[in-house]
Amino acid sequence: MQTISLADAVALIPDGASLMIGGFMAVGTPEPIINELVRQGRKNLTVIANDSAAPGRGIGKLITARAVSRLIASHIGLNPETQQQMLAGELECELVPQGTLIERIRAGGAGLGGVLTPTGIGTSVEEGKRKIEVNGREYLLETPLRADFALVGAFLSDYLGNLQYALTARNYNPIVAMAADTVIVNAESIVPTGVISPDHVMTPGVLVDYLIAHE
Amino acid sequence: MDAQELIARRIAQELREGMLVNLGIGIPTLVANYLPAGLHVYFQSENGLIGTGSVPDPGMAQPRLTDAGGKPVSALPGACAFDSAMSFALIRGGHLDMTVLGGLQVDQQGRLANWTIPGKMVPGMGGAMDLVTGARRVIVAMQHNAKGKSKIVRECSLPLTSARIVDLVVTDLAVIDFANGRARLLETAPGVSVAEVVTATEAELEIPADVPEMQL
Amino acid sequence: MQTISLADAVALIPDGASLMIGGFMAVGTPEPIINELVRQGRKNLTVIANDSAAPGRGIGKLITARAVSRLIASHIGLNPETQQQMLAGELECELVPQGTLIERIRAGGAGLGGVLTPTGIGTSVEEGKRKIEVNGREYLLETPLRADFALVGAFLSDYLGNLQYALTARNYNPIVAMAADTVIVNAESIVPTGVISPDHVMTPGVLVDYLIAHE
Amino acid sequence: MDAQELIARRIAQELREGMLVNLGIGIPTLVANYLPAGLHVYFQSENGLIGTGSVPDPGMAQPRLTDAGGKPVSALPGACAFDSAMSFALIRGGHLDMTVLGGLQVDQQGRLANWTIPGKMVPGMGGAMDLVTGARRVIVAMQHNAKGKSKIVRECSLPLTSARIVDLVVTDLAVIDFANGRARLLETAPGVSVAEVVTATEAELEIPADVPEMQL
């Protein structure tokens, strides 16, 4: 784990990179990293996240800036711009059931080749997927997702990058922190090592590549 | 009583002590307002909380504590927070006793379409497919008709949410179940006759000898 | 969730039941429940757990009492009695890689039809299992495990059954608490509701059927 | 220096700053004793801890804080605890930089057998299969011979732990890798000749022109 400035952290991310971004309707999304991606004018990103939030919030800012060319998400209903760009063919959008999306990301981080889920059987979600029967019930084989970068928003980080999240801002953050080649964290507060009890660490510091230093 | 309140009040009667319940947005959210006195029910918010409480007082909102729409909520004593993998393990794993969702169509076998109108409304399915597939009991809360057309149809023209048959549909006109593999009229709304429900319904309804009126 | 006496809780478990038991080398195992199972003379149990501990400790007591007829575990090497009973044909024993065992239990609790793991490919573990190729790599399809009862050892429980575990006593406990029809918990300390922060609850109380009342 | 210390000291040289490392029981555990000064390495205990520290002082043992054998350990500042699903997600998911395990046999392609002697020793594989399959770097720590027989064999007669090729074997006689798809002698132990290693080894060894002595 190393500390890094916000600008330098975002400079690591090239145009065309794939990003997993924590947060649920922008709650738990590392807002400073999003703002800096927009400021640096990043383009052609693939974003994997629960949703595209709303205009002016979290991932919604990337959508407005037309920084995203491909989105894998479970819900875009609260961001009309996402739907407009999608219907206009400007944004490629793969919609995935939420419980499937989070398991696919978990599989990517946990070294699993996939999981079998009953969700989506008998719906349009099953198109193009393998169906596998186990104990007389049919399941869809859902394959792992990984990304070049995970952008994680934490409540607390200690000096080693051990993270704690608060309340519903936890959501996708600890899962995406396991499924990317490079993990960049913005923490609301940074505390000395030992302040977070070992039992309250939700993401081990060994998973964190870069912790953004506060200015 | 308006239609939404009627539906929410009737569904609240389905709550049982100690249940873990997920309420979708819209009419389903209102169900919490009519929790019978003395009944202790756990509400799950799929963004990662059990023990969701009411909207906080002015100035008391915590930005890291919201419902699945990103709106501030409170947390009751004994609430617990978790990540999204755990949230959907609870939903998919059969730990959720009941889910209440809105609907666009329900067919006469009891299959629900509620997540998209292709080419027109593409919000994504969010958690709906997992909720309908995984919850022990699925209740659909919706108006009986939209723009003069029955939402309880012979066959869904819209994409299905799940192959799983829902347990109960509560509308402003009727309560319908599918226990026998086909739509059956269980109750009518106050002041609504069985004939009126049949007329307003595209699906073929099984009509028992005795169809009581909802007791609200 | 209801509170129950130790004797009444164990009386719920019939001969021949399948039990998932938390703990790792007896650390985190609900020792009072084990003692009472032995005292009540339960027989013919199927036990699913990481290991069989050692004679005189945790699950080792059930082995010594010959209460177990079938064991699914990853390691029995520190309990010579388990190995003796197994080699003598008195105890049916299925040995499962530890990472596979915990994922099979997780799948059972999470409503998944199975997971694909690379672990065991090219070894005797693959016998009788389906192999599935994803992105050019072969995986074993491992199926879910569930049990009639989960026996969970917690550090803290509040009045609603929200649980917190301590340090390495967490291990299998939160995972088995999701994968059984009936979940019985012994907590070292019981505290009023609200004492455990929502962020520190590791098993939601809604998963707990019975919390053993202290005498 | 005894054989175990020699092996452990040599393996300790493979540690790098910031690595997450899992040490098996036996010789591998000793590696932690020879951590180069100033190097910061995280040790994982697969029962659910990163930041495992030394054996506690008398009277300081905490029964809920043990290694994978159930023996008391301490935890360093910045340690973290987690459940077994997370522990093996770390191992299987490629987050573990190095694992050091004991061995019964390694074949000349680099495949390890270390978990059972059928009919004789059936301890179960524990975490070994996941560790060998998932860790970024797998190092085997073992005596070169057992009961006069080479443990580095042409073909494993014992059941394999994984189809994955290990990265390095360190014995009391030699350091061997498999980078070219076959066993290659990298170093000899102090005072041991290349010829002595070849004689003591059943597997066919590739011998580079220059085989240095271990620098301990």
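By letter and in written order, the chains are A, B, C and D; residue numbering begins at 1 in each of them.
Just so it is clear, a contact is a pair of C-beta atoms (placed from the backbone, for glycine too) under 8 Å apart; a residue touches a chain by one contact, two chains touch by 3 or more.
Bear in mind that the values here come from a model prediction, so they are computed numbers and not experimental data.
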Remark   = Between subunit B and subunit C, the fewest touch steps amount to 1
Note = subunit B to subunit D, mean C-alpha position gap in Å, rounds to 55
Query = Taking each chain's centre as the mean position of its Cα atoms, how many Å separate subunit A from subunit B?
reply = 29
Note = For the pair subunit A and subunit D, the C-alpha centroid-to-centroid distance in angstrom is 35
Query = Listing for subunit A: what residues touch at least two other chains?
reply = 103, 106, 110-112, 117-118, 165-167, 170, 198-199
Request  = Hunt down the residues of subunit B that sit against at least two other chains at once, touch-wise.
outcome  = 49, 75, 81-82, 88, 91-92, 134
Key: Pairs of chains satisfying the touch condition   = A-B, A-C, A-D, B-C, C-D
Inquiry  = Quick check: in the complex, which residue numbers of subunit B touch subunit C?
reply    = 18, 20, 42, 49-51, 75, 77-82, 88-95, 134
Note = So, in the complex, the side of subunit A touching subunit C is made of residues 103, 107, 110-118, 130, 132, 134-135, 137, 139, 141, 143-144, 164-167, 170, 198-200
Remark   = subunit D residues touching subunit C in their complex are 45-49, 62-66, 68-70, 75, 81-85, 87-88, 91-92, 119, 121-130, 133-134, 159-164
Request  = Could you pull out which subunit C residues touch subunit B in their complex?
outcome  = 1, 106, 108-112, 158-160, 162, 178, 193-194, 198-199, 201, 204-207
Request  = Going by the contact rule at the top, pick out the subunit C residues touching subunit D in the complex.
outcome  = 24-28, 50-51, 53-54, 57, 73-78, 83, 86-87, 93, 95, 97-100, 102-103, 106, 117-125, 155, 165-175, 202
